[in-house]
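Letters A, B, C, D, E and F mark the chains as written, and numbering starts fresh at 1 in each.
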Amino acid sequence: MKRIDLFLSERELNRVCKAITAAGAKGYSVMRHVTGMGPSGEISEGMDFSGLGANAHVIVFVEDAVLAAVGKALKPLLKRYGGVGFVSSAEPL
Amino acid sequence: MESSLVLQNLLSAPVLFFFLGILGVLVGSDLEIPSPLPKLFSLYLLLAIGFKGGMELAHSGLGPQVLLTIGAAVVMSLLVPLTSFLLLRLRLDGYNAAAIAASYGSISAVTFITAESFLNVLEVNFDGFMVAALALMESPAIVVGVILAKLSAPAEDRESAGDQENRGDQENGGGGLRWREVLQEAFLNGSVYLLIGSLVIGYVVAAFSPAGLEKMDPFTEKLFYGALCFFLLDMGIVAAQRLRDLRQTGAFLIGFSLLAPPVHALVGLLVSALLGLSQGNTLLFMVLCASASYIAVPAAMRMTVPQANPSLYISTALGLTFPFNVVIGIPLYMALTRHFIPVG
Amino acid sequence: MESSLVLQNLLSAPVLFFFLGILGVLVGSDLEIPSPLPKLFSLYLLLAIGFKGGMELAHSGLGPQVLLTIGAAVVMSLLVPLTSFLLLRLRLDGYNAAAIAASYGSISAVTFITAESFLNVLEVNFDGFMVAALALMESPAIVVGVILAKLSAPAEDRESAGDQENRGDQENGGGGLRWREVLQEAFLNGSVYLLIGSLVIGYVVAAFSPAGLEKMDPFTEKLFYGALCFFLLDMGIVAAQRLRDLRQTGAFLIGFSLLAPPVHALVGLLVSALLGLSQGNTLLFMVLCASASYIAVPAAMRMTVPQANPSLYISTALGLTFPFNVVIGIPLYMALTRHFIPVG
Amino acid sequence: MKRIDLFLSERELNRVCKAITAAGAKGYSVMRHVTGMGPSGEISEGMDFSGLGANAHVIVFVEDAVLAAVGKALKPLLKRYGGVGFVSSAEPL
Amino acid sequence: MESSLVLQNLLSAPVLFFFLGILGVLVGSDLEIPSPLPKLFSLYLLLAIGFKGGMELAHSGLGPQVLLTIGAAVVMSLLVPLTSFLLLRLRLDGYNAAAIAASYGSISAVTFITAESFLNVLEVNFDGFMVAALALMESPAIVVGVILAKLSAPAEDRESAGDQENRGDQENGGGGLRWREVLQEAFLNGSVYLLIGSLVIGYVVAAFSPAGLEKMDPFTEKLFYGALCFFLLDMGIVAAQRLRDLRQTGAFLIGFSLLAPPVHALVGLLVSALLGLSQGNTLLFMVLCASASYIAVPAAMRMTVPQANPSLYISTALGLTFPFNVVIGIPLYMALTRHFIPVG
Amino acid sequence: MKRIDLFLSERELNRVCKAITAAGAKGYSVMRHVTGMGPSGEISEGMDFSGLGANAHVIVFVEDAVLAAVGKALKPLLKRYGGVGFVSSAEPL
């Protein structure tokens, strides 16, 4: 089983979640009000009320077989709007 | 006289709380208004300003003067992005120039509210229909900004703009402009939608169930000034934090964000004079032209012109133009108004 | 006359903001009230309605009419789940039927508050003790719902209900009903506890330190209407989001959630007539019977009847019954009240 | 060392945290206001004020030896009330 | 007479909501005020109390009596930590003794506000400059606490205190005391900064643009009592949760946290009598001496004396001293005041 | 690639984020309002308004080569102010 961690602007959240489900993941979890720093600069809590919004952290646990499909669906979105994704190994409890 | 206006503005509670926020960041205080509390206050201010505006619009009616003023405001929100774009294009690529241009064509509701408070303290009248002008200036500027961005996009970008996503959402003719998405961001953006919606509700309630007005009053009217102070405290913190980003933006953009407001305000003054607006309405019209958006426009640009660098358009609008207008601009524009516009 | 009542309701600020929220979702606006702001408003409304109710209860006293009305309300909150359960059992399994039945036996405080606002606009009087009825209707419905769920559970479930956890918490006699947990969820649920607690405090303050009443007034009374509008904006958003879930729920449940309110309201009207309630109290009594809980009951059911599918009981209560009551129900019940209940 | 990630309704949080400590874990962290999708449907932010509440994300780092005990304590709770759990490998910084 | 004061306090809305919160935890209700809502109320209360205090300070002016009182308050905030430290050192190590001593030398704004509300109900006057005393008592206690901690640190700790970090931030002479950090935590701490800032703004607005005062009134004055009730509900919940920690703290600290308040209050009474303060000001002065900080001091101690165990200084200040003062202390001190201080 | 998870008081957040960047990490993400239990006791949501504040969860994805530098920068901070850190393996999506 694989664990995918995504960090992206909460403004793209809807799109990303739809892509995750469409790619065949059975579930995902979202944390909002995430701040941080990345290739395209710093997102601080103070911006939360501005139009930019803060980041979201999306966690998806998928079967190994589904990973490729999720990656394929998400990479163009992350490329276009910014955001990063990482993969690691996991197993059900 | 002008200096007394500046002082009167500087010593008002909202502006003092704004300074308190800025100073806090500068001296290194850890004071912060944790999210989503700032959003509570910004939603509240939009709802209240919209409701009150709609209410007064119902009282004043939609006469020719009202429609003319609103029409002129919309025209300004179409023209300002065009001229700004031409200027910004001298130094910036098309995406960034378009996004910043859209921001300056659009408005800042909090600047407008601060100007209203200032007029209240001076006991100068103004009309509720100015809020309608405010509400209608956000969307056109966004649409113009997106069109400018697409027109100035390199050819290959235009072709492939939406290829990666499902095609149902887009109409690819004419350079990959996804009209549905653009219009959605322009008109249904949370802050635009709430402002216009509250305006309509204020109008309807005033017209059809006026008993409700009095019951809304403690919430939308009485509380307003204090909530504005609280929010400006946060705006001061955020604006000061943005100041740090200005190192990246460069002298050209810093100059633009400090000179555009008074120039646009002067154009607004001219238009107001032609329209024969009262002193109060003239100040508000100038503020609408002079202010730049850091809520609706960034939200829309981020989705429709992701190639633009958000820290450029946010930092200029929020870190420089907003403080400039709130602290110096409003009393300055009032002094000009008093000089050029006859007392009603 | 009835249509004028409907209009008066539709054109009131709270209902208009409710529509604004619904419309926002339907047209695809990204307007949202980020959590935990909705919780702030729901806590505030419970505190304020409780405090005001307790205060007026202290003024009216606990006479026979008061006790009879409250008693009748409690009886309704025991009967409605039973009849609803029998009906729902035709199509649903025992767990889901019981959870939904509990929801309809219990009440929606926001519907009640909206009805009070409506009466205020119509300038029809009502009594503070109705809030006590409101507060006392939540717990019995929960207890009945849990008992029904346990009684209809398959035999093996009953035996093993609590096996996995520490046994100190439960009394396994009679089908694994964990009384302590059930009573805790029924009576100490955050929203029930705050409402009853505020009611008692309002009573005590009114009785023993009336000077405090005036100082609470700006918070609990003046601000109330505006805060209700703000909260209904969010309720509109949430209700519209729930509408999407109704595909799963099926026609039977949709029919139930739209027909149960008027039927229960009619029973409430009958009881009110028998009790000789005033027009205002009759409307409130009908609304208590007609409304369904989406706060206290789901919270309790989730813990005590986890086998039931939350999206069924939440979607019906919040996505259909709540909008129905707020938009159509309240004026409809008022029209019936005016027809059948003599003016006090 | 093992890392356990749990996603469950915040209403069960107390129970789950007690079970974690009782099973011998030395610490845990909780993030609330989590939304997501899983076997039993979608939990959206809008529900936060309703009685259902949102999800919580619980992270527990435990010695390998404690994993079994924590798993044993949590699985019946997740089964009864819903929620998912995943395990991966980690080491102290 | 004293018992009537206790009753009047117990039956006031703020104290009743405080009890409601405590009781909720004790009986196991899941009522909670989710974060960051409590922060909204604490920020609001600091802003409002500061603004009102500054406003009244502008009216009363900075005469010798005012300066003397403020000076005496500052002296108390220096002395109380010293004597407390000596006592606490009997059983605790230097770090913990210093941190707790700082907490008791500093103040609790909410206790102060509750005392003001109590005086309002009794219709006893007090002066706005007492808020200035409140604002100026936090920082000295913090500085004393840090110095005591460093002085009692084992020699090797003193040497290496800051070695791991960049040295620009610190002046390592004299035991590794990082003065910049200490002063920053003492004076620029979010809550201290907001309180002092609002005080200054209230003063400036009252002096230079008094028209703004009336517009702030609904926010800072009218809403205040209700918001205090709401916040005390949360304080009750939090205080009761802290009670659970007291098992670890031991009988000595429990005794200290219940005896220190009345002893410090008595000293405060003596000083007030010497200064010739009015009854209202005397009560507030006693409350300042008697109360302990759970916001500014823990924030500062956590950064500057990380060796101290936060649950010791938080649990005593918040779990015992705060409830003691709010429930018993305030009426008790008032009874003493009435006995020893002549009516103005 | 390595994934670092840090849990610490939000009061030390600024310092920790600066140390992370200074050590050469290209990005990080922060979640606040985290509660939990650890070696030095429980941090509950109720404390959020008090001076102590709640915890923060910091996630840093770094190249293997940078891990040592980040660890070296953070360990003294965690030791001095409390807080824990864990490392696991990951790869870019």
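Throughout what follows, contacts are C-beta pairs under 8 Å (C-beta built on N, C-alpha and C of every residue); 3 or more make two chains touch, one makes a residue touch a chain.
Everything numeric here is computed off the predicted structure, so don't read it as measured data.
Traced through touching neighbours, the fewest hops from chain C to chain D number 1.
Residue numbering at the chain A/chain D interface overlaps only partly, since under half of the positions present are found in both copies.
With centres defined as mean CA coordinates, chain F is found 38 Å away from chain B. A separation of 41 Å divides the Cα centre of chain C from that of chain E. Look at where the CA atoms of chain A average out and do the same for chain B: the two points lie 31 Å apart. Each of residues 11, 31-33, 45, 88-89 in chain F touches at least two other chains. For chain E, residues that reach two or more other chains under the stated contact definition are 32, 34-36, 39-40, 189, 191, 218, 222-223, 299. Taken in their complex, chain B has these residues touching chain C: 35-36, 39-40, 43-44, 47, 51, 184, 188-190, 193-194, 197-198, 201, 204-205, 208-209, 211-212, 215-216, 218-220, 222-223, 299. The part of chain E that touches chain C in the complex is made up of residues 7-8, 11-13, 16-17, 20, 23-24, 27-37, 40, 117, 120-121, 218, 222-223, 225-227, 229-230, 233.
Interface residues of chain F, counted against chain D in their complex, comprise 4-7, 31, 33-39, 45, 55, 57, 71, 74-75, 78, 84-89. Looking at the complex, you find that chain D touches chain C at residues 9, 11-12, 33, 40-41, 44-54, 76-77, 80-82.
The touching residues of chain A, counted against chain D in their complex, run 1, 3, 17, 21, 26-33, 59, 61, 88-93.
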